[in-house]
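Going by the order they are written in, the chains are A, B, C, D and E; count residues from 1 in each one.
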Amino acid sequence: MAATATLAASVRSRRPALTAFRKAVTRKPGRIIGLAIIVFFILLAICGPWFYGRLAVDPNSLYAAPSAKHWLGTDFAGSDVLQEVVTGGRYVLATAALSALFTSLFGVTIGLVAGYQRGLTDSALMRLTDFVLTIPGLPLLIILSTVWNFGSPWKMGLVLGVTGWGGVARAVRSQALSLRERGFLEAARGLGLSRRHILLKEMLPNVAPYAAMQLMLSMIAFIGAEVGLFFLGLVPFSSTNWGVMLNQAVFSGGAMETPSALIYLLAPLVCILVLTLGIVLFLDAIDELFNPRLRERV
Amino acid sequence: MTAFARRLAGKLAAGLVMVWVVVTFTFFLVHALPGKPGDVQYEQYIQSGMNAEQAAAKVKAIYGYTSHDSMLSQYGGYLGKLLHGDLGQSISYSGVPVSHLIWAALPWTVIPVLSGLLVSFLIGVTAGVVAAVRRSSRWGGLLTVSGSLFAGVPAFVLALLLLVVFHTEWNLLPDAGTSDIQYDPGWNLPYIGSVVQHAVLPVCAYALLSYGGWLLAMKSSVVSVLGDDFILASELRGIAPVTRARYIGRNAILPLFTVLALSFGVMFAGSFFIEDTFDYPGLGDLLLKSIGTRDYPVMAGAFLLITVSIIIANILADLCYTLIDPRVRR
Amino acid sequence: MSEVEVRDLTVEYQTSVGWLPAVAGASLDLRAGQITGLVGESGSGKSTLALSLLNAVPAPGRIAGGTIEVAGVGDLTRLGGKQLRKARGGAIGYVFQASQNSLNPLKTIGRQLLDLGRSHEVGDLRALIARAKDLANRMGLDGDRVLDSYQHELSGGMRQRVGIVFALVLNAKVLILDEPTTALDMLSQASVLDIVRKVHDENQLSTLIITHDIGAISEIADRLAVMYGGRIVEDGPLLEVLRRPTHPYTKALIGATARITGDVDGARALPGRPPDLTTVARAGCVFRDRCPFAVEVCAQTEPELHSFDSERRRACHVEPSTVLTGTTGTPAAVGEPA
Amino acid sequence: MIQARGITRTYQTHGSFTGDRTVHALRGVDFTLPDGGAVSFIGESGCGKTTLGKILTGLETFDGGELVVDGVELSKLRPRQREKYFRRIQMIHQDPYSALNPTRTVEATLGDPLRMRAKETGAPVSAWRERAAELLTLVGLEPAAVLPKYPHQLSGGQRQRVVIARALTVDPTVLIADEAVSMIDVSMRLGILSLLRDLRARLGISLVFITHDVATARYVGDGGELHVIYRGEVVERGLTDEVILSPVHPYTQCLLSAVPVMRGLEEPGPDRTAPTAALDERTPTPGCLFQPRCPFAGAQCAETHPVLVPFGADAVGTDAAEANVTGADVTGADVTGADATEESGHVHACFYPESRRVVGVEVGAASA
Amino acid sequence: ACSSSSSSAKKTNGGGGGTGGVFTSIDANNKITAGAPMNPFNATPNMFKGYNWMQLAFTKNDPSDPNAVLPGLAASWTSSDSGLTIQLQPNAKWSDGTPVTAADIKTSLAIAYTQGTAGPVASAGGTVVAGSNFEVSDVKDLGGGKIEIDQQPGVKNLYFQRLVLTATIVSDKVYSGQLPADIWSQIAAVQGTDPAAASAAGDKLAAEGKTIAAFSPAKDVSAGPFVETRVNPGEALLDRNQYFYAANKISPKQVILRSYSGNQQIWGYMNGGELDYAPYTSMPTNILNQVLKAGYTRIDAPSYVSASIAFNEKQAPYNLTPVRQALAYVIDRDAVTKVGEPVGGIAAPTTTGLVGSQSDSILSADQKAALNPYSPDPAKAASLLQGAGFTKDSSGQWHLPNGQQWKITLQTVNGFSDWIAASTIVANELTAFGIQTTAAITADFATYQKEMAAGKYAVGWWLVALGPQTDMAYARIYGSADGYSVTNGQAAHDDNAATNWEHTPATYTVNGQTIDPGQLAAQLSTTPVSAQQPIIAQLAAATNQELPMIQIWNYTHVMFDLDKRFTNYPKTGQDDLLANPPGVWMMQGYVQGK
């Protein structure tokens, strides 16, 4: 009985959520474009590698110009650039998504708890946050990269997430602090609802749009940091990704000096730019997605 | 003013504690790195034709430092020296105090970062105001997107594009170094001119890097100030537009001081990419090099300095804020 | 003898379903030397009307029709640029709804006063300051101290008074106060109202006070206008209107006021909820949904605001006497249909 | 039954710029709330009303005095055990908008505490839906229409009713209404006030009504006592109507004088008065706290701190006499609405008590 | 992108051609850093060999005569059993105008003892390593610029002449203050028979060595053709030393040396015509074409370095010779070279532990013919593997004899772009053959070495055939990395030595003969070049058969010069000159302004 009730409730509430999503996205053309870009890259990352087998190497056509066989030409080993761009996106996106996941996990939890608990817990957590914020993340990553192999997106994502949650935590905490003063939280405490309930059901939905926005922004930053580390060759790599492509284009292909390798440089560069743009354009819709008040404006 | 002093003291104390934490953290982190300072040099000697024994001996002569003290007592020693302002001696530049290296590198990071900050502040804030005032128009929207995009695009992408366009393609500006070697460093016009010329691209890169942040912050700040009651009130009182603009400006700038500290951090992080791309010998470059050669003291020193700079930027931003806002001043 | 004459004023806001009127065909006179009270529930268009008196309807809004003749200035709806700016503050002083925050937090009051003087090209700024101090002193403030203070150093009541100083310091003859006492406690409210009355009398102003609390205004106003759904539904001399309300809404509003004397059980809340731009009736009387006297014609024709007495006007199809004596009263149910 | 004895609360503010400051939000407040009874507190802004409300609901701690709920002295219990008692006391917030979570529907808002309550009482959890509907009907809302809505889809009055319904989900015995109607449109205030009265009558819930608007206190607090607080201290107490009609303390008189008079329907009271200065909390006052603003202050007021004494008694107690008076006052278990004048008495803390008529008089009544 | 010459190039070379121009080049050895000492003994000195850093002579890198040198401060020299007598350049002077004297030479050679380049101090545990360090016992001024340098009695170092002549020479005035007065008695003690005293003196010398390495002279006092004027981060400016003994031969008035900061930076400089000479730079073919188009002339010199794939034979299955041989058959060295090092690499014709040209010139025709060239031959590889018990499943994957699927992780180092590029294709070839291979990259070389020594990698890249001396080339394979240590020309093998990561067996059986490669390699270093051939032949055959590493390509030293501003550069073939930096060429009268 209770199950059916909740089921009914969830069915009822899901449909409007879908329509709200559609409405929020279609309100502005920029958002549609943004979403399309994001979806495109996600599909690319998920399905792209399925279309391709192992990266073929052809020493007889190094840096070949674009042709019917190789739409974007070939690289230093005669491999297809398009294939590399497509298969290389998976690592980049997976890492960014994972790091965003870790960031939100740490950032939102710590921010919420600090904002709600106050007192000693708060100060301790905030000192930790200050520390994470103060330690320059990139140098740290570079140092860490000599100790730790960033081969899998998991590891890279974890490290980026561990060094990157400070901003989210701060933001969430300040939101939580202001929420704390709001009547409904006092009411929830007065009613004797559990702390878990208050954190998850009362506060979380209210900080969600903010957190989501921070998250997407940090995702952009993560893509930048991660690709940058590979680009500078600071982090050893074990598979093709956009950063590696950039690195090889510039440092071994001479893309800055000769046009023949330029497309090898531009392909990942354009991908990063477009993906960033997509996220930026889509960000606009987030607030509306989470906020029931905005959602309703016809 | 005593309250002000107390606040300052509190901030400084917190900053010092943070510095200590960072010192500790870096010390142990850096010493946990695999590899020894001499290893790279050794292989270089070998590859330049020295035999193994000779190379090993030479490496030992130069890097001979092998402390048998426990990590903890080394840490104590390091802290003690640090208290006297001694960052130790570089390993790879044997005999050179770390502080010399850092002092030499510091201006090449701080000056471009600050100039970049200034430039991006001026442009970003202006653009932010425009984006806020014209937020419903196409131009406002475009400006905002440009801000988000620049805030999102990685530093090295910007640096690379600048380099391709202004050096490779148009050949207008030099691509590396801080000045032309012909000119005698000092306060003479040719040298300064050369320094400026070399700094243009890095400064541009820094500026572009933080432009987006300023724009977005200023935009949201102006939007919120525009919605403030006192702005409407001043309109209803018939206050002159110029005066109202000043009201809006000063109130909107206030929250940007928080962004200032943040921006500083972003730029220091970006300095790695930018200094590497433009071969600019700043702190980021120093740290990168020292990591490659396992120069622990330099690594720890550079890392510390970057952190301290960020902490100081935070404190300064806070002070600026207090100086401008009467609500927290008193 | 009217300082301000509003005729057929229509103010519209742009919404997702098009331009909708927040003030529809309002006509109102602010008579010299009198305090006019404007009451109505939230969303009835009071602030919009007040702002349009300065031709300052905020962004998605516009004055769609009508005129606002201000003595010595002309039709305000036709003014623009510098002339309009001079009229604001110069001819008409406005005390802001949220007057608590109507001051720049970064500048002292005195400096903002100088800004005001310069904006209006006042030659003698010293005299302006002196006048401001005088005004402040008369309102029970320490003029010197106040001028040296920042906004955050003043209490809510003090800020409200400073707002009045700003409105009057340039010798405006018209004073508009939008909800001057909301968010103040009883003691502050009483002292602010007291001061308004004093200042009004001393300066021979034409004052418009806007409030949703009929009780608060009844103590000091000379005339009362009642607004509902963007329309002025009744106006006249205050005592007259309070004693003998001829519009069902006015009557209900008076009846819904918590009072310190009289029968506790006699008072009744209004049923239903006040309309806003999108929910207000498009045809017929805007109040008919909540009106206990509503008849058939109310649904079809919108009643005109007409004079039925030398001093009084009303917009209702039902006879005044029916409303006055009507026993239909407000429904007893406490519930509000959603 | 709630008994409060000498509740004090002091805030230590560490303004980073203003320096440390001690705020005496409450300086020893006593009151008794019998089951099903009502107590009202009035006072101007910042006098400690909200602090008191929060202390009563357990949202704020107090640092002195005793709070006895149903005969149990709460400060002796451990925080966990206290919760149970505080749960019976629910607060209705001033701002009905912020009191509801904007991201949750009415259904979710009511559902969680109802399910929690059901688990506690052993009632079938699945019945929460019916219970929610019941509660909404009780507060005068149409369940089907309101349940799926978000707060912003409701009017102020409706929101406040939802807030009340939510407070009722845990079957409280006491409701605390802190300025419960001040943010609601005038036209709907009466609706909420009569709802509160109704709840008192129908469910036997006792009510603590906190406001700065005496007129509204009159609507819910009938039969109960009215406490006038000034700077964290009760300066006058008595049956609501009695205090309104014949206030003794100058502060009460000022407060009541400030209630606007509906000219035409009412006439101003003959003895209307006003404070001589604005509230200044910074300057410490050894004597009567109201003395700096008091229009009737005498010589004694500046030196000695007056305590509550019954009106009509010959002398006003000083601090030394206080224990005697309040002690008798509070421990009297027979403090009820009935037979009030003698037992609970009309008490005040003024050296120069004088009853004045300050509230407006109805024109009809006067002419009749 | 390459049309005009850079604006900064125009400025840098504003002087244009003719005598007195500015010669711009890259210093490939050091990161140039403002603030680093102008002290050649420092780890990262602001000193440039051949320009302001002088030696008595400069090596010719002649494989057939390791002692062959080009004259430097020494105009001539005669070798004897007891040592060496040199004649200083008649006009040799320091840049402050004072003449170069025997005292300078004596101090410099004493310093060498503190720096590990001379004497037994260098070797671990105080044992003497013959052939690696020079052991000077005394320096005598014979007058008239004649100086006698005595070799420690009883020690016979075949390369004594070269080692002494190529030692760094610094000014006695500047450096003697850093040395204790009794330095030569310390040296005598080190060379003495009392092991305790020798060891103590050795420690003392090492401590002094550190002081010297850290010493930072106030100004450059150079005996070379140039003297340092100024150092920027990344750049150094040198002015012509007017007191240089052959100043009339030196054409450029100034030299600008830029720090080596990455290949692509050098390509950029060359595209803009900014460099007059570019040292070895790895580059792809398209860049080569572009550089040639920009007017550069390519000069090739032998390089004596070979990139190889090495094995840790402690890890199965790489302990099996057929496995390593099979891998050699699978890897197509031509294709790999094309991808990895298309310009500066020549696919190794076979794999012997020496670069191709060297083994070509040393080995006889018969011996060469007997070498297995390991031409790509998958069938051969398959049969070898099957012979060793490997199996191939239906999907074409190879399985180890124990049934497990065979997977290879090919380790390379971050930043070594040619190895990384080559790894992709090697991995591709092996995977296509049925051995799952992935390339893994270590963060930096320090880590690579550490982890390699720790036995963490089974298969990884390694440089071999280092230097023109065959003894050193083989010591690279059968030396400390393989558990050998050498004392007095006698090799000892210890499979558990900390540095041993190869773990090859102590002996090989080649052509039915059992040999100890470590012993042979150690023997090489004490054998005159004329007598080395049989030993080399044995080692080459053993290495070719056993493949402790598979040589992939031999590097070629590809340099570029631009004769826009200067002309008369050494040409391909003048290997003796090309083994040295341009400063040395200038001393010999090359590089003239246009």
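Please note the rule applied: a residue touches a chain if its C-beta (ideal position, glycine included) is under 8 Å from a C-beta of that chain, and two chains touch if they have at least 3 such contacts.
These numbers come from a predicted model, not from an experiment.
A.B. asks: Going by the touch criterion stated earlier, list every chain that contacts chain B and also contacts chain E.
C.D. replies: A
A.B. asks: Looking at C-alpha means, what's the farthest chain from chain D?
C.D. replies: The most distant chain relative to chain D turns out to be E.
A.B. asks: Distance from the CA centroid of chain C to that of chain D, rounded to the nearest Å?
C.D. replies: Centre separation, chain C to chain D: 32 Å.
A.B. asks: How many Å are there between the centre of chain D and the centre of chain E, using C-alpha atoms for each centre?
C.D. replies: Using C-alpha averages as centres, the distance is 91 Å.
A.B. asks: Rounded to a whole Å, what is the gap between the Cα centroids of chain B and chain D?
C.D. replies: Distance between chain centres: 56 Å.
A.B. asks: Approximately how many whole Å separate the CA-defined centres of chain A and chain C?
C.D. replies: That pair's centroid distance is 52 Å.
A.B. asks: Among all residues of chain E, which ones touch two or more of the remaining chains?
C.D. replies: 1, 268, 444, 447
A.B. asks: Check each residue of chain C and list the ones that touch at least two other chains.
C.D. replies: In chain C, nothing touches at least two other chains.
A.B. asks: Show the residues in chain B shared as contacts by 2 or more other chains, in ascending order.
C.D. replies: Only 34-35, 168, 291 qualify.
A.B. asks: Give every residue of chain D touching chain C within the complex, in rising order.
C.D. replies: Interface residues on chain D, with respect to chain C: 44-45, 140-142, 145-146, 149, 154-158, 161, 185-195, 198, 212-216, 218-219, 222, 244, 254-266, 274-275, 278-279, 359-362, 365.
A.B. asks: Can you list the chain C residues touching chain B in their complex?
C.D. replies: 51, 54, 56, 58, 85-90, 94, 96-108, 115-116, 118-120, 150-152, 163, 166-167
A.B. asks: Of all residues in chain A, which touch chain D in the complex?
C.D. replies: 1-2, 5, 9, 12, 182-184, 186-187, 189-194, 197, 201-202, 205-206, 208, 290-293, 296
A.B. asks: Okay, in this complex, where on chain B does chain E touch?
C.D. replies: 34-37, 39-44, 46-49, 51-54, 56-64, 89, 91-96, 100-101, 104, 108, 167-169, 171-182, 184-185, 279, 281, 289, 291-294
A.B. asks: Within the complex, which stretch of chain E touches chain A?
C.D. replies: The touching residues are 1-2, 262-264, 267-268, 271, 282-287, 290, 334-336, 338-339, 342, 414-415, 417-418, 421, 424-425, 428-429, 431, 438-444, 447.
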